[in-house]
């Protein structure tokens, strides 16, 4: 349960809000690189943290991300011409380069120096992995570039998608660190999803529906360990790393690729659910990639031409009561991703956390909120840089492992929980 | 004309409002019984008096009506699994019985006693006739069960439908007690509707467009008598009972079934128009039932899979100007029900009653508002139980009768205005 | 740049606002005459200056424009029966004549004198040219009838259309007096549009993208002269008259018909863009009229059965990036009208003028705002009648002319800038 003012503090991210300031401390995913596929291609509207922006790729392949609206009279630059090193407003031909600097105002004399004084608010946009990342904060305090393993392995080992989720970022993220729902909501998917099924660990998930949670602090966030009974004298541990503010990884299953998410605010009532799958030591197979494209695993199908899921609240997520009855799917909703999204969206745009009744399996959520709150108030009140910017904080992995009952997971799996380029993940 | 504060008082029914408290004094229709057709069938979302609820029917046929959202973290129980005596949230498996009591929290030790402490706000749901009724008020002060004649005659004698109306309940209900519009708006329908036409009384409706209204107080509400000229020295009386807060009956026509309505707030800008047809002494014929299903009489056609009328504000109620010109329909809108609904919705979501110009034929409306206001303030200020809960108040009938000019309708028709099981209605 | 309070002052036109009072000083276009094509035809809903009105044409061909809602209980008279000299509410048969006077209340005794006391707010509606005009202000202070040349030439010489524009009237109107964007946004259209192409003047538009603006005060508003380089020692002048509050004319091209616009507030976030084409001395050719009907020139195509453009914000105005790339259209949007509308709507419903960066080519806009502000405050504070009501103010024309460099346009073209019935326009 959260007081209303705390709920507001953690869920509001527009410019000028404390949590908005905190998100602006990080490199965050802004677009799929494939959305800007070539030089001088069509610009793309992007809304992030409540700001309406335009992204483009200029004639030399440089990426720009800036105010959507022309500084002259406010026309949307989405209608702009992307040509010869800049994006030109089609109303009166004002032109901007990838830094937001106005480089031409045709009606003004060149010698007037007018256009030098015009600059749109702009943010850097850099490609790492399949993603274009931005940092929307103070450029004097730019963090080191992102080092997430999924984004830095060779291209053939990784796959990324994004989908529009119609609720606040925090309730989406909380779903990501809550592995206790897997035994219920995803019980059907564990058996049938080609990117999940067949792992030995799944049997423990099915058998023990009362996981015990042990949450450990990490420098960049938390490790959330879910302990289920395994063979005599052993526990099956599923360990989810959470890195501030909104990176999570699902514990792996057998030799399947590992997956995880970023939860990035579009505005207070919408977010981007970024989903990736990668294997640390081998290329994804053709079959695996096809499964991901087809919406299996943590990915999903789309309304054509959009990033909105094909299953969405307007069609009740294509609820199939017969499948629910038969148990093919636990909730009647098809697909791991939409099973989560449907429920998270059903809570409303911003869930009222004053009405919750949390239990011990929600410890991960409770502690994540606590750390977020501590970090956001420290930043607001004392200017303290929050955790999660440091490359070392980002070098994490999820783990699925069977350990003797007397071994503490955090110490035992210390190495397994770190990203180790070229070394396989620890997964049962 | 009403002052703005009085209009607000009578139209607002969310939890905590005076009129909301008053509606919570009664058993009101919540769902058609056919919406929960079998044990363990799909749960149904229900919004009543501004509250979002979920209705279900458990493995033993018991009906439940409770908060739509799981007490844990707020997921909609519409996604729930209805199984083995309860509705289970698909997120973490919390399970509720038909009283809203949580009966299982899988992650918690059975001995913890945790789930006993979790109970959703729930209301009783009982089947009487074709309707599932609820009482959303204090369970210590539950009224006697509903005794409305239409709901208590044998099943083959009665038929009920409901439709979503996109305006406040009060302006819908006011249409129900306003029989002066019949000579105009429904003049086409009187001639052509298979459930209306052919009654001798219709000719008086057509001939005398200046009815005189005499309104009499009843214990549960009002009798609204509309007097039109009949043969020499006689009046044709159409008498509409109104029982608090929102039950009305249309005066009958010949041997046609009798019909009436409940007007139940969904929220302040939407209501359910419940419509029933029954015959006190005989089964409805196959033809009659088919007419009702086809949307004749007080019923209507639907957007498939919904309770929204096929004719609605998005398609201008399928206005047919040629039919209007020819006089086939007076307003150009097809069907008695949609003739009323189209005009009531055209007033806006909550009509501004400060701008009205009421006339003598609006006496029924004026007196109903007066009684509502008196009852709602007596309840609010002194805790006085309002009229309409008493079974005797509910045993009413509408009447259509020709009387000698010197006979007062209320005294003369005292018996006719009472529901008398097994006896035919008084209808010309 | 405007302060927020000034932006509000100029953009808000509901009843009781200063700019609303100012618009109510004029005869403004309300409907196309073709919307009320015959006596006793269907009434039409009209929203103007935030007021919801109903327009109709009675049995004798008289036009009425009055409150949309019946004085009795607020039903929309759009459902009304238009018959025998009045519009009758279909609920209880109240009937109104074209002046808004209630002429029948069937339920009341004729001798009661009741209906004489009931009168809806009504405005005159007069046909001049293809337009039904209204004056929504004080009837004691009714201005002379409109004398605009486009509306008073013989019918075969003129063509008028209207379209719904989803933004405030002011940013639409500002587009109308901003001829500097033509060299950019409409550069494709100058070459290909059958109602624009082929004029000698177009070459100057293409060649000189740095027009110099000279704005001259006129009694009714402004003349906005845009000077571009022509042959040695000569300038090409395009002169746009603006008459208060919202009439503009595009400078002509060769012997093409002349065109112009009214920008009329529907409410603060929507306006009507009225577009006309006329030739002062000859009938429009069949081909020209067909081009206009097909949406060429300043006209557009529609969503069938509506005045909403077929290209609209819901379909991104059917953006064609390939056409933009090739330069067939400068912005990728087809058609002069939608090129303007798309950008003006992209600014948002009411553009935030505190964020503008105006330049010298915006002088017309700056001065028009200045005059509007002066007029609206003079009216508000001192009751001064604003310019633009006087027939002489309305007798203007746009001009396109090549002048020797030393000749001032305003003096030289004084006669050309005046409407001169039977004389050709001055156009290069």
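Before moving on, here are some points about what is shown:
Going in written order, the chains are labelled A, B and C, and every chain counts its residues from 1.
Here is the rule we go by: a residue touches a chain if its C-beta (ideal position, glycine included) is under 8 Å from a C-beta of that chain, and two chains touch if they have at least 3 such contacts.
The chain list, named the UniProt way, goes like this: A, B, C = (2Fe-2S)-binding protein.
Owing to the predicted nature of the structure, the values given are computational and were not obtained by experimental measurement.
Interface of subunit A ((2Fe-2S)-binding protein) with subunit C ((2Fe-2S)-binding protein): the two copies contact each other largely through different residue positions, with under half of all numbers used appearing on both sides. Chain copies subunit A ((2Fe-2S)-binding protein) and subunit B ((2Fe-2S)-binding protein) are related through a rotation whose angle, from the C-alpha fit, is 120° to the nearest 5. Chain geometry summary: the mean Cα position of subunit A ((2Fe-2S)-binding protein) and that of subunit C ((2Fe-2S)-binding protein) are 48 Å apart. Multi-chain contact residues of subunit C ((2Fe-2S)-binding protein) (touching two or more other chains): none found. Chain contact summary for the complex, subunit B ((2Fe-2S)-binding protein) toward subunit A ((2Fe-2S)-binding protein): residues 42, 69, 71-76, 78-79, 81, 90-93, 105-109, 114, 118. The touching residues of subunit B ((2Fe-2S)-binding protein), counted against subunit C ((2Fe-2S)-binding protein) in their complex, run 174, 180-181, 183-185, 209-211, 319, 321, 324, 330-333, 339, 342-344, 346-348, 351-352, 355-362.
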